[in-house]
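Here's the structure we're looking at; comments come further down.
Lettered A, B, C and D in written order, each chain numbered from 1.
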Amino acid sequence: MFRIALFGCGRIGQVHATSITNHDQTELAWVCDPVAEAAETTASRFGARATTSVEEVFADPSVHAIVIAAATPAHLDLLSRSVEAGKPVLCEKPIDLDLVRIDEAWPRLAPHEPRVMLGFNRRFDPTFAEIQQRVAAGEIGTLRQLRITSRDPEPPPQTYLAASGGIFRDMTIHDFDMARFFLGDIVEVQAMVPTAPESPFAEEGDVEQAMVLLRGADGALCQVTNHRSCTFGYDQRLEAFGDLGMLEAANQLPTSVRASGATATESAQPYLRFFVERYQDAYRAEFDAFVAAIAHDEAPSPSYADGRAALELAEAAERSAAKGTAVRLPLAAAS
Amino acid sequence: MFRIALFGCGRIGQVHATSITNHDQTELAWVCDPVAEAAETTASRFGARATTSVEEVFADPSVHAIVIAAATPAHLDLLSRSVEAGKPVLCEKPIDLDLVRIDEAWPRLAPHEPRVMLGFNRRFDPTFAEIQQRVAAGEIGTLRQLRITSRDPEPPPQTYLAASGGIFRDMTIHDFDMARFFLGDIVEVQAMVPTAPESPFAEEGDVEQAMVLLRGADGALCQVTNHRSCTFGYDQRLEAFGDLGMLEAANQLPTSVRASGATATESAQPYLRFFVERYQDAYRAEFDAFVAAIAHDEAPSPSYADGRAALELAEAAERSAAKGTAVRLPLAAAS
Amino acid sequence: MFRIALFGCGRIGQVHATSITNHDQTELAWVCDPVAEAAETTASRFGARATTSVEEVFADPSVHAIVIAAATPAHLDLLSRSVEAGKPVLCEKPIDLDLVRIDEAWPRLAPHEPRVMLGFNRRFDPTFAEIQQRVAAGEIGTLRQLRITSRDPEPPPQTYLAASGGIFRDMTIHDFDMARFFLGDIVEVQAMVPTAPESPFAEEGDVEQAMVLLRGADGALCQVTNHRSCTFGYDQRLEAFGDLGMLEAANQLPTSVRASGATATESAQPYLRFFVERYQDAYRAEFDAFVAAIAHDEAPSPSYADGRAALELAEAAERSAAKGTAVRLPLAAAS
Amino acid sequence: MFRIALFGCGRIGQVHATSITNHDQTELAWVCDPVAEAAETTASRFGARATTSVEEVFADPSVHAIVIAAATPAHLDLLSRSVEAGKPVLCEKPIDLDLVRIDEAWPRLAPHEPRVMLGFNRRFDPTFAEIQQRVAAGEIGTLRQLRITSRDPEPPPQTYLAASGGIFRDMTIHDFDMARFFLGDIVEVQAMVPTAPESPFAEEGDVEQAMVLLRGADGALCQVTNHRSCTFGYDQRLEAFGDLGMLEAANQLPTSVRASGATATESAQPYLRFFVERYQDAYRAEFDAFVAAIAHDEAPSPSYADGRAALELAEAAERSAAKGTAVRLPLAAAS
């Protein structure tokens, strides 16, 4: 049994705590959160120890691996400590909101042969993963166009927005990673956002929606559509179009019930509510992959470099949207 | 140009008048209806002559073929006159409500080498026809189970019910023909109807719904579901299940619009309203087949015998429902 | 924690062992199976004790409740011992293959205030359960017609067939219970089966398919379609049709991937393979309901009477198919 | 009866000839085409007169209205002659490939109170038109995002490509008009096309695909996806997303058949092949609107200005794709 320490016990921390507890090869050793009461509640629910002290966790030699679900500003520090302690770490996205800090950290981390996995859970979603595998196997020939739709059911709280880094770093970042999952390196970004954003986004210098075009190194084009609210649930779709055909990921429903009546036919229910429901299997498969990497002493994937690349795309999209120009990748250091 | 005489100008008569007028090889010569005003209105709309006199129509040697869309009690007489005049005839179902009369008429008709086509329009529906062809071509292996759903949007007027011959002869008869289209000869019928029918069906000794089981000569089984009202439109589906797979005919929609909102997702509109809308292409294809048979001087299909067979199934179903026993086909003359 | 003893560790036994182990309030105490090795393998996998001795299990006073997943011939004896020991019991269907034995057992059991739950798992399927609730809430008005489709992916082994009691007692019994879930008491049955069954069914006096009509006490009619093989997966559908509309349970897919290419569009994958996959959530919800009944010291549902009623319907269907007559319920003792 | 003269009798000319002939209020008077044989074949098929002389058509005072389905370079001249002759004209898109010529022509045309309708047939498609009406009626609240998919089944012949004006003027122009149909004025365009186009597009300075972002004056954003080949048919979809929900136009199928077997379930056939099949109803409704405008002596819609606006968007997209910058509308004359 691998003993796992969990940092952060918000919504996504709960998801990880459950995965850790249910997995045959792992157990939850520590729950660490700056809010003592939160740490204790979660720890007690899952039979782990609670602490507010990061040091206490890293001082425990029986801890095999780390899962970081803390607030974003703490990610890079906790990730660095884990790497320096020689422990495999699964870190929620983003590594950090600042590319410069990410790049500055790397020379310190590299010598430790870091085993860092970034929490791009959607790569592990059974539907998206299957499409990626079937595309890779050639079912639709050469991939020409990729379309990714991601709409959240409702806006996050304003306090969350204030610290989120903006729509590209917080929300689109998942879609940037998905684009890279299918297309590999991205060489150009164009982005469009509202000129007069809705409240409360405007107050935070953010926007409620974005549309992005991406160009893959191999010539395929990609569109991303994001919206921060959606009445009918968590809208998560993908379409891969190639020379020989198309593979689509449709939205997912809580049951297979269809209703017909005088005003409508074949009506389904609203879609699965949000990421906890929609990506339940993905989180489980992601954690399985992390444990498998630990067990086989391998570097997990997606990696620190993948986390950095998605953030670079977010930064490029932000520049493109601000300036109204296409932005080429990789970004020049000075730009 | 083949000149066609039309008997009857109700809803289905209008459909035929349109087909006759639009077809490259036919023109509408006569519209004959006992209600002079109705005949005149339709005739004038389609540029034909109007009459209330059956004799006048049959006295016109320029008439090539007959289409019978008159009231059911007139079918057999008009059909017989057409055959005796040596003219091809397309007759709406049923030939008659009485098997005995149908059988008595045949010896008089047979010597004329009758070119009689029964109006089982659903055989010509592009969707059902394609399934039948794909089943015949072996796509699903041996056909094991057939399911036919037919629900009308709303009950017919009570006056119609009084003369309809009951649900099996009036409504299920189309499904009996469809079963024969797929299964060939039927050897056994079981039927179930409500013991306390709804109004106005009860008043007419009829029922608002029926469920029927059929056994094909080759061993396949078949279910038919009928209901005389349906809030969401004209429910017309079919499912052919075989050793190797299944072919289904889904309901058809006026547009491909799907709506999603806070309470429902992927909602379509109500289905095409009734037979005029749903089977528009089928009526056209049926008439094309009739004209092709005239042009090539061939016997059209489905035939008088097919019309008789469907009525025999209706009679068998009625007996089965009344007695609570399976009824074997062919019916014994005396039963 | 309620300690649970499990009898039988075949495929369905494994499902229950998992539910017991994962449930917060239960733990697997015993695995009892006549094959010692099977009992030991399962017990060791789930951290329970293994035995081949029924007596040893019932001698353990720490056991709170019983789950019976043994071979059918053992059901009634194990159920009776559980009831006599005052322990709640969840028993797989059928109680027994013989109505007479079921009725004879009852007078001995009744005085113990039996807490018996029958394993009609489909009542707990989220999709079917939701439709039943929405029907009960009046969404489609008065329920007029119910259609149940159940096709197994492949025939059971011939040895299984030999002991199964025939298609109605073994397979349709789930659909009979589903019909009762929606319609309440059933008052009439008509059934049709092949006259020349396929191999290996014919060898066992059984058939590979059946179609059944049922009449509910309140006047609604019901159709059941069964087939023992199905190339495209486990075909499990239901349609409830009422005055105001229709609720359908569509088949369920492993992912939401749809493929389009030169020969086909919108293709989905084969359906979830069989009951273990399709009814995973149903088995969990069923076990939750059983534990809730234990915890609140209530009689669980569906009950012994429900198990008896489904078997009575199976017997009625068998008589109907054999004699070609409608069979009325309740069955006369002597018939 | 309005007598109509048709210029051009290629594939789309045939569609119009059929609409003219089938409409109650119109008849086809002339078919004019530079290829005498083509004109004669079509004229004879539809009972009209044939000519290669434009002058002969305009010399016939009995002609009420003009339909232009000639090659693009002839559009503006024929349109101008029609307007100067005071005759209503339905002109296929584009008016011309050159905005400057379009603008230069206008001062000559305006004094004639031109009754010009541009052939943006998709506005009349029952599915798209219904979505537009439901959006306008507020069903989805404020429209936030529009997505338009348009993929042709196969590339046009190289000779066609050479004269087409490029993907934006030839193909996307329909989508630009659709964007304006929903969003009104467009104020900004971003476009991305392949840097290394496929053959034969590269040879003609054209590309096989494009992705475009549009900003509406009211703040809504729009994406367009185009591809010049598509194995599964003519891919024509649209998605309107608003505050309260979403309306989607799904692809359309020749029948409602769905197939299930060992390797796939719920498979539909390839989509309707190309515009003649997919937009059959749209062409008819478009022509109906044109005739209604003639009959009521009204200016038809979409207008010359709509035709100009779509071409301006095409030019803006071309500049954006070439320069990698957002292009603002209206275009400055000098740019």
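Keep in mind that, in the parts below, contacts are C-beta pairs under 8 Å (C-beta built on N, C-alpha and C of every residue); 3 or more make two chains touch, one makes a residue touch a chain.
In this text, all values refer to a predicted model and were calculated from it rather than measured experimentally.
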item: Centroid-based (C-alpha) most distant chain relative to chain D; value: C
item: Selected pair, greater C-beta contact count between C-D and B-D; value: B-D
item: Rounded Å distance between chain B and chain D, as computed from the means of their C-alpha atoms; value: 41
item: Separation of chain C from chain D, taking each centre as the mean of its C-alpha atoms, in whole Å; value: 58
item: Multi-chain contact residues (two or more partners), chain A; value: 231-232, 244-246, 251, 259-262
item: Touching residues on chain C, where the partner in the complex is chain A; value: 22, 126-127, 130-131, 134, 139-140, 244-252, 254-262
item: List of chain D residues in touch with chain A within their complex; value: 144-145, 147, 151, 188, 190, 192, 194-196, 209, 211, 213, 215, 219, 221-223, 225, 227, 229-232, 235, 241, 243-246, 324-326
item: For the chain A and chain B complex, residues of the former touching the latter; value: 231-233, 251, 253, 259-271
